[in-house]
Each structure stands twice: as structure tokens, then as C-alpha cells.
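Consider the two complexes below, in which chain A is the common component and chain B and chain C are the respective partners.
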Partner chain A sequence: MREPLREIDKLADQRRARAARLMNRRKTKTAYLFLLPYLALLVMFGVFPVCYAIGLSFFDTISGAFAGLSNYHLALDDFRLGQSLLNVGTYVFMWVSLMVVGVVVLASIIDVMPRWLGTTVRTVYFLPGAVTSAAIVVLWLFILDPQVSPFSFVFSLVGWENRFQVIDSIGLAGVFTLMAFFAYAGGWIVVMHGALTALPGEVMEAARIDGCRPVGLAWRIKIPMIWRTVALMAVLSLANGLQLFVEPQLLGLAGPQLARNDWSLNQLAYQYAFALGDFGVSAALSTMILMLSVSIALWIVLATKFYRID
Partner chain B sequence: MTHAGSAPQRRPLWSKLRFWHLCVGAIVLFALCFFGLPLLWLFLAASHTDSSLFTAAPFSWGTWRNVAQSWSNLTQYEGTHLWTWAFNSLIYSVFGVGLSLIAALPAGYILATENFPGRRIILLATLVAMITPNAAIVLPIFLEMHLIGLNNTRVSLILATGFFPFGVYLAFIYFATALPKEILNSARVDGANAWQVFYRVALPLAKPAIALIAFFSFVANWSNYFLAFVLLTDDKLHNLPVGLTSLISGARALSFSAATGIPIRRPEAILAAILIVLPVLVIFLFSQRFIREGQLAGGDKG
Partner chain C sequence: MLKKGTSPSGMIVQGIVALSIMAAATASSVAQTKLTVWGDTLRVNSYKAYDALMADIDLDIVTVAPEETVTKLQLALRAGSSIPDLVFISDAPNSAMLATRRTNYLMELEGRVDASLLADFYPNANAPCIVNGKLVCLRSDLAHNLTWYDKPQMAAFGYALPQTWEAFEALGADLAANHPGYFLGSATDPYGLYGMIMAAGCDMATPVDGQDDTLLVDLGSENCLRAAGMIDRMAANGSLIKAGPFDAEFVKQAKDGKLLLYVGPTWFGEFILKPSYEIPAGEIAGALPPRWADDPAPVTWSFGGGGFGVYNKTQNADAAIKMLEWLTTSEANQKDAVTFPPYAPVTVLWGQKLADDVYYADDQLFAAMETSAGYADSKYGARRFDMPSVIGKIVSPAIASGRTLEETLPELEREIANTARVAGYKIVSE
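Take a look at the complex of A and B:
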């Protein structure tokens, strides 16, 4: 009596499983229909260009022959590469340090201000973020010119009389650091301040009752509690800084004496493609720069828990 | 002067001042000057002539006539295509934002609500693409566009800026956290198909996410320089940042070896910078909260 029933059960299970499979397959199909426009763009402007650049980097693009690693040799042997690595390295080091110290200090100060004052001050810090790419270079070429600069009184104090002297004294890495801090610090101050206000009030209250002064409170309690956000800012700034292009490229606006076309790594790659027409070496350089950034990105996603992927 | 948020006491204000109050005040004042004065100066300087920039006091207002003169120089000089560039900027921004929304919203929605094979790898690729700085991929995109013959076309820039992984991630986070599953389920029970659930139920509830994505996408597109500079060599296709800088550079408006006879001088360069900055500045005035929401959701590359 039991046997036939078991058979029917088995049959029903199989049917249910098949229905579920069918259902799942339909669901997957629908999901990919929703994803279609995005995936098309992802392939066209993410996956394909990367693969193509990697492929191209193994070819002599002028003769069209397979060239093995010779493009990489050519790029690595370029005497300008070491210098531009050093330039970008100096800039990134200065910029990331200034961001970590500056943003944390300024955000911590806003956190202890009366609310209305804090909001106003934060807005002033934040607005230069609107000055981007081309406009920031134009603006800063004026700022660095003692004859018209809003900070001319500072320059006259230290005795710098013209723009060359100013840029020479600060150094190009320093100039780009100031530009980038001017434009990007404000956005991160807003974020950091958001992180500070989200800290639990009881902890702050307890520390205050224990006699912790505002400076100690910031240094011993608040900053250790937001260090993850600080670290994320540092890593993202680092990844971004390595890609410097627009600022050095546009310095030539101030005259040929200041023009630099191989100051940063990206400029060098650009030079190979546009001045020499050697796409192979350009692709080799781009590939190396890209791999650096992608490794940083992969590390952030896989090794830290800043972003959720589930 | 800045205060600590300590409990009010009945002593005169000055007696509460400490040395560190002065230090903090000095830091804030310094920072306010560093971030505030250049912008203030930019808007005041536009009212001067090339020579009064040097002679007038640094933060003085010149005349409106000077502004008008610079404006007419900027628009009427034969080498400029100011209106074309402004039009291009608008087209690139509107279509770039539109395309990024069309691609990002359904993608983020489905990644947040369904589990299907390949979902994790797509999310991972999206995050990597989002964290990798845009500048890293500009030359590879140029090489690709050169391959398929799309370089120097409007379409190439619009398509490239329509790829906006940060937008997908924002939509994903929004739909995963702010959209109650029960609403979707009850819509399904009522007989709505997948598309109707998305279009009729999820999308109308996603207005904050749409605003957030549009904001970040617009800011990125309006001020796009590197990609536009590399992809578009024809000056009729330039956007405002690329067009105006090539104009300033060609006229040597900011260099010492002046006297090219071209009426594009320092005031025109200042006006050009304002033109590039102003739309984003206006949006920024109302959008601090976007920055915080966006970066808390997962960081922007800025």
C-alpha cells in the first residue's frame, strides 16, 4: 500500500523541481533583461577597453606585428618615466597627508561649533568643490600670481614677486596639492562631519563627565572611532592622485615656460598616443597605470568591508 | 570665536577663553580664507578690465560695464564658439545623466531584489569600476573609439559618460535598504509582472535615489575635461571646459608674453571660469546633504 504512494511522491517532487528550475531560469532571464543597458555599457566602456588596451600593448601598432613585451621595455626604459613617477609620488604623498590631517582637524572643529556657525563654515569649505578640472587651473593661476592674487599680501610678506617665483618656490607637486585640497577637502569634510555626528552621544557624555576636554575628546575618542572613514578617504585619494592629468597638462595656459607635457604618468601615456602616434607604448603605459588602480580597487572591495556586495 | 559645547556657566565669556580656543579660532579663520577668498575674488574680479585688475584693490568691485565688455568679447570674437560649446555641454550633460539613469536604475533594482547566477560578479565589477578613477580608463576608451571609428563624435562621449557604476551602486543600496520587500510582494500577488513592479511600484518610490544619481552624474559630466579633451578634437564638438581653455591658451590670456591682439585677456578668462563653475556652484548650494548621503552609501571618487 505504501509503495505506490511513495512513487507518486517521487514523481511530484521531480515535477516540482522541474517547475522550480523553469521558474528560476525565467527569473534569471528577466534579471538580465533589466541589466541589459548597464551590462552593454559595462562591456563597452569597462571590460572591452581594458582588454583591448592590454592586447594592444603586445603589438607594434605602427607595423602591426606582434611585439611581445617590447612596448613595456620601451615604456620602462623611457628616461622620463622615473621622473614622472617621482613627481606623482611626491604629489600623492603630500596630498594624502594634507587630506588626512586637514580634513580630520577641520571636521573635528566644526563638530564642536554651535550648530548655525558649523553649518555656515562647512558650506564655505564645501563650495570650492564646484571648481573642477579646467576652471580650477585658471583660478589658481590667478591665485599664484602675486600681481593680481587675492593672497598678494602673503606673497609680499615672503617677497615673491611673480608667478614663476611662486610656483618655483612651492614646487609643482605643492601647487597641485593645494589645488586638489582646495577642491576636494570640502566634500570629505562634509562626510567626516557626518560620521562624527553619527557617533553615540552616551560615549561622548561619559568621556565629558570623566573630565575629558574637547581636544582630548577629539583625539582620544572621536578620531579613533571614525578611523575607517579616514582610511577610506586616504586610499581613494591615493588612487585618484596617481591619475593626475588635467592640472599639469593645463599649466601651459600660463605660458610656455610653465608648460609640462610629461610631468605625470598619464601625461606620458597621452604623449605616446598623441604626439608620437605610438599606440602600443601608450597602451603599455596605460595598462600599467590601470592595473595599479584596479589592484587598489580590488583590495578595497575584497579585503575591507567598506562596500557591501551582498 | 569658537566654543566647546560645554555646559553654560555664569562667568563672563572671556574668562572661559583658553589658549586652545585661540588656536582653533586661528585655524578656522585660516581655512575660511583659504577656501572662501578665491571664490569671492573670482566673482569680483570679473568686473575689472585687464589693467584695473592690477591697479585696483584686490577685493574691489569694478563696473558692470566691464562685465558686459568681457562678455561681448567672449561671445563675439571670431575664434570662439561659446554658444556651441555651451550647447554641447548641455547636450552632453542631459544625455549623459539620462543614459546613466536609464542604465543604473533597473540594474540597481534587480541586483537588490533578485538573486540570480552572476549577480555577485556583476556587483564586484561595478565596485571595481566605481573605485578605479575615471582618468585611468580614458586612454583605453580613446584607443577603442579609434578602433571602431567613433572618436570625434558626440555619441562617443555621451555613451562613455552614460556608463556610471557609482549610480548603479547608489541605486542598489537604495533599493536594498529603503524599499520594503512586502510592497513588491503584494504587487506581485496582485498580478503585476516584473517590469510593472519595477516601473509602477519601485520607481515612484525611488525619487531620492534618482535625485542623488542625477546630481553626481551631472557634476561629473558638466565638468568633464580629460575624456572630452581626448575624444573630441574638432573644436565645434568641445564642451565649455575644453573649448574655453583652448581659447584661453590660444590667446595666451594668462601668460606674460601677451599682446596677441586677441580680445581674450584675463577678465575674459575669469568670466570663462565663472561660466564653467556657476551651474555646479548653484547646485552645490542646495546639495550638501547629497554629498553626505552619496559618500556614506559608498564613496564617490572625487
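Take a look at the complex of A and C:
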């Protein structure tokens, strides 16, 4: 009696497994179906333009003839390139550092607040992120002008009388860091706080019983458990920061004496395409910026074994 | 007069036939020439007027923001489609960016535009439309400098109008000593600085005759130094302030009536002094800008003023040229133009409204504008790079942080030369 039953069980198991596999395959298919519109758009507006730009960078703009690396030589010979690289490098370093420290600290503070207060504060942090970066530039130009700024008392304490002195003292990289921090920090605080709340309660409980105080709990237990989210934020911020364009480009709104058309690498690429009509050099510069951000991101991902599942 | 052998009744019949042909023509049967034209919101009004006026022209009008014109043309040329037959270039010197080997858009106009029309433009009005000796656009409006001043306040202080830059500087020194708080302009505004340096005859980027794409850049000359010295001394005593004319600080002081005199463009009265600084009626007057005592006449620089250009591969060259002529020189379009027209015969009609305007302190404003137009600097020409950007990058922050223009000149010279080389110019320094 036992034998036939076992046979039946086996058969049932097999059938169940096949059904599960079928189900899985169907699920995957549905997933791809849902992904399709995104993938189509990605190819049209993401992958194709990048490939087109890479192709463009090897051809001469006028004759259309293959130009080898000459566009790259021209771009690398530009007298402004070193300074722009330094500018963007300084900015990215300041911004990413500020994001990592600021967002993690703020999210950890929210995490230990009473629930109602935490939610309110989180929403407040998120609000500046709802304003587009172009509008933020205009807003900051007001904030940084001692004549009209609501914080002019702060500037007068330090002895800054006009916008030039303010911007000169903070430095353009510093100004853009502040602009970008307030634009992007709110969103990441929400993400980081989400990661913190998802941490298992029993681990926290155990740590607390072992005598861990809130600061120690955050530093020794919580942050090590959410480092992947922090690394993801750093990679995305870095890629975003290297493409800095809108903020320096819009400075001229505050008057021609503040206008900078060559502060960032992307602005140089823009100048080549739209002031000089040299799309080849512009594409070469853009390609190099892309390579730079891809290699830094790859380095971070590989060095931190980001995608390893333990 | 009747021709012999033609009866009055025959005339009437001929007349009726002619009239009916004309009627038929305006109704529909005239062959329509289609032109695509680009312009800013102000120019679109002119385009619409022309479209309504000309039965045989059908305009496809595209509104393009002034700062995007060059960018969008680069894209259209690269795409090879939607290229306009005629464009408005909001800043005439940008014509150089549209007449290069890479961006070969603008048509050479010499021999196409009626020569008698060209002769009646103000002297050097079309200088920023000349690229390597070729005329590639016509000015839509001029924006040369004037001395704008507060007439009753000048009289109250007992000052005479400065005829020379030396007297301008002396006025600043006297103001600083006796009427602190009053001022004569900006020490950091790139456009203002550019105007003052160029009025001294400095070779910041002068095209070299007979050599294509070659610029003379020499900021070490006595001409440059005299301007730099004046600006530095006036920045030091505060008669030129460290804020630009569009900055909150400058606007606030101007509203308080502290701006006694300002060397600025023809549009400054109507578009800045009146609406932005809210100077009351009866105070503002305009005069010829200063000259250097050693120079026989002033050299007037400009701040703005656009132009129109035509596509060199347009299918309808004649129609486009005709429209270009109408836009720049016709009474219909220019008599009520917003800014100073470039073509002398209609500008006189345009000036009538200034004479009748009670806002200004006297009726000499238009005369001053016309005289000043006669001294327009031929060096206000087409460039493939933006000089105010270069000045704003190097000089403005330096002066704002307490350095002098004189010590910045070598750095500025290097930056101009480098920027010009990137834009494809050869640089000579003597």
C-alpha cells in the first residue's frame, strides 16, 4: 500500500514543480511585457543617443569624414578643460560627501523620533526637492544677495556686503553643493529612512538589551546594515554631479558679471556644439564624461561588492 | 494725361479690366512664395504685418527665444531640415557664429541688397554684420552709447556735463569728495567695462584687414592703460560702484536718485531709467558720450542691437532679400520701432516721438542719439565668441574682490587670446 502512494506523491510533486516552473515563466513574461514600454523608450532616448554621440565623436563635423581621435585631441587641448575638471571634481567631492554624511545623519535622527514627528520632519525635508533645479538657482541667487536675502543678518555678521563677496567666499563649488544638497537630500532621506525602518526589530531589541545607546545603535548596528543604500546614493549622486550644467549656466540670470559659460565640463561640451557648431568635439567631450562616470561607478560597485548576495 | 487715340470710355474699360485682374490676384490666384522666418516675440509682430501687407508672400513664422537662435540654427543646419529663409539675430555680433565653415548659414548681401539703401545706414551701423570683409546681415536696431544724466541734479550741484573722459573722472572724484553716495556707473558690469575700455581705443580683439579670421589682441597699449587707470581710480573712490545696472543694489541706489550720470545705450532711457529705476519725468536728458582729451572725437561703443540675415541656400532669395529690406529700412516697419532704427531716413521720423515725449528733461535727446550714431566704433564688429563673458569671468570678480583692472589686463589678454583661438581665430599682438 505504501509503494503506490509514494509513486502518486512523486507524480504529484513533479506535476506541482512543472506547474510552478510554468507559472514562473509566465510571470517573467508578464514582467518583460510591463517593462517593454520602458525598454523601448530607453533604447530610443537613452541608448541610441549615447551610441550616436560616440559615433559622432570620431567624425569631422563639416566633411563627415572619419577623423580618428582628432576630436578627442582638440577637446583635451582646450585651455579651459583643466579648470573645469577641477571645478566639477571639487563640486562632486563636496556634494557626495555632504550627501553621505548629511542624509545618513538626518535619516537616523528621524528614525529615533516619535512616529508623528518623524513623518512631519521627513515631509518638510522632502519639500525643497519638489522645486526644479532651475527654479532653485533663482531662489538661491536671492538668498545669496545680502541686499534682498532673508538671511542678510548672517552675511552682515561675517561682513559680506554684496553677492560677489558671498559667492566668492563660499566658492562656486560650495554654492552649487548647497543648491544640489537641498534639491536632492529630501528624496534620499525618504529612501534612507525607508531602509532604516525595514531593519529587523529583534536585532535592534537585542542590541538595546546589550546596552547599546541610540548613537551607538545607529553607528554600529543600523548604518552597517544599510550601507548598500548609501553606496547606491553615492554612485547616483556622482553620475548626476559630473553632468552639472543647469546651475552654472543659469548664474547669468543674476547679471552678466556672474555668468559662467565654461565652469563645468558639460558647459564646455555645450559651447562646442552650440556656439562653435563643432558637434564632433562636443560629442568627444561628452563621451569622455560618460566614460569617467561609468568607470568611477564600476569601481565603487566592484570595490564594495555591491551586487553580491550574502 | 490721356494718350492720343485713347477715348475716355476705352480708358474706363481698360481700368475695369485692370481692376478686376488685381481683384482676382489679391483674392487667390497669385502664386504664393512661402518663406520660413524666425524671430523673437517683438519681431513676430513685424513679420505678421509683412505677411498681411504682401499678397504674394506666405510666411511661416516661428517664435524663437533670442538666446536660443544660434543653438537652434546649429541643430536645424545639422538636421538639414526646417532651416529658415530669414532669421533675426538678437545680438548682431553673433552673425560671425552663423557665417563659418562649420555653420555656413548667412548669405552675402553685397550686390543683392539695393546699394542706395546701404548708403543711408548710419556710419558703421552694419559693422557687426561684416565677417571677413563680407556683409552678411543688416541691422534691425542700433544701441550705441549716450551720456544719460540727471539734468536738475547736475545743475543743483553746479556741474557741467563732462565732454571728456578726463572730465568724467574728475566729476567722479568731486562727487566722492563732496557728495558721497552719488555715483556714475558700475565697475563690475562686463558690458559697461567693455564700453569704457573700447572708447579709449584699446585693441581687445580687432580684426586685421586683409587677413581672414585674424584678430589683434594687445591690452598693453597706452590706450588700454588710460581706460584701466580711470576705472581703477573711480572704483577706488566709489564713483563707479561694485554692482551691475541690473543688480538689486544698483537699482536701489538709482531709485533713490543717486545715479547722477551713466554712459549707456540708446535703450537705457526707455527700458531701464523709466520703468526699472522709476526716475520721475523731467529729470533725464541725453548727450553725446565723452571723448578722450587727446582724441578729436568720441568713439561710441554699443550694448546690444540686433540684425536680420538670410539663408545662403534659400529657394526664394529675391523674396527674402525684399523682406529683409522692408524690415530694416521701410517707414512702415521702422517708424514706430521700439528701439533706434539703423536707417537714417526713417529714423528721423522715429525720433519725432522722442521730441514730443515730456518724460525727458529737454528736446535734445534724439539729436544726441543721432550725433552719437555718427561716431559709432568700427571695432564694434562680429565675433565668434562673447567678449562680455570673458570680461565677466576674469575682470568682474577681480575688481569686486579689490584687485585693479590694470593688474588684471595681462590675464584678460591671455584669456581673450585663448578663447579666440578655440573659436578658430589666429591671434597677433602687434
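Throughout what follows, the second predicted complex is superposed on the first by the 246 of 310 C-alpha atoms of A that agree within 3 Å, B and C clash if a C-alpha of one lies under 4 Å from a C-alpha of the other, contacts with A are read in each partner's own complex, and residues count from 1 in each chain.
Everything below uses one rule, namely that contacts are C-beta pairs under 8 Å (C-beta built on N, C-alpha and C of every residue); 3 or more make two chains touch, one makes a residue touch a chain.
These figures come from a predicted structure and were not determined experimentally.
Student: Where does A:Gly255 make contact in the superposed view: on chain B (first), on chain C (second), on both, or on neither?
Tutor: Both partners.
Student: What is the contact status of A:Gly277 with respect to chain B (first) and chain C (second): first, second, both, or neither?
Tutor: It touches chain C, and chain B stays clear.
Student: After the superposition on A, what does A:Val105 contact: first (chain B), second (chain C), both or neither?
Tutor: The first partner, chain B, only.
Student: State whether A:Val301 touches chain B only (first), chain C only (second), both chains, or neither.
Tutor: In the superposition, A:Val301 contacts chain B only.
Student: Examine A:Val158 and indicate which partner it touches, taking first as chain B and second as chain C; both and neither are also allowed.
Tutor: neither
Student: Touching A:Val148, do we find chain B (first), chain C (second), both, or neither?
Tutor: A:Val148 sits against chain B and chain C alike.
Student: In the superposed arrangement, does A:Val50 touch chain B (first), chain C (second), both or neither?
Tutor: In the superposed model, A:Val50 contacts chain B only, not chain C.
Student: With both complexes superposed on chain A, which partner does A:Gln243 reach: first (chain B), second (chain C), both or neither?
Tutor: Only chain B is touched by A:Gln243; chain C is not.
Student: Under the contact definition given at the top, report the residues of chain A touching chain B in one complex and chain C in the other.
Tutor: Of chain A, residues 147-148, 254-256, 273, 279 contact chain B in one complex and chain C in the other.
Student: Note which residues of chain B are touching chain A in the complex, please.
Tutor: Its residues touching chain A are 2-6, 20, 24, 27-28, 31-42, 45, 53-54, 58-59, 99, 102-104, 106-107, 109-111, 114, 116-120, 122-144, 146-147, 159-160, 162-163, 165, 168-169, 173, 176, 194, 198, 219, 223-226, 230, 241-242, 244-245, 248-249, 252-257, 266, 269-270, 272-273, 276-277, 280-281, 283-285, 288, 291-292, 295-296, 298-302.
Student: Please output the residues of chain A touching chain C within their complex, sorted ascending.
Tutor: Chain A residues touching chain C: 61-62, 78-80, 145, 147-148, 162-165, 168, 254-262, 273-279.
Student: Contact residues on chain C for chain A in the complex?
Tutor: 70-71, 74, 77-78, 97, 100-103, 188-191, 242-244, 246-249, 252, 384-386, 388-389, 392-393, 396-397, 400-401, 418, 421-424
Student: Given the complex with chain B, which residues does chain A contribute to the contact?
Tutor: Listed in rising order, the residues are 24, 27-28, 30-32, 34-35, 37-39, 41-42, 44-50, 52-53, 56, 105-106, 109, 112-114, 117, 121-135, 137-143, 147-152, 182, 184-188, 190-191, 194-195, 213-215, 232, 236, 239-240, 242-246, 250, 252-256, 266, 269-270, 273, 279, 282-283, 286, 289-290, 293-294, 296-298, 300-301, 306-310.
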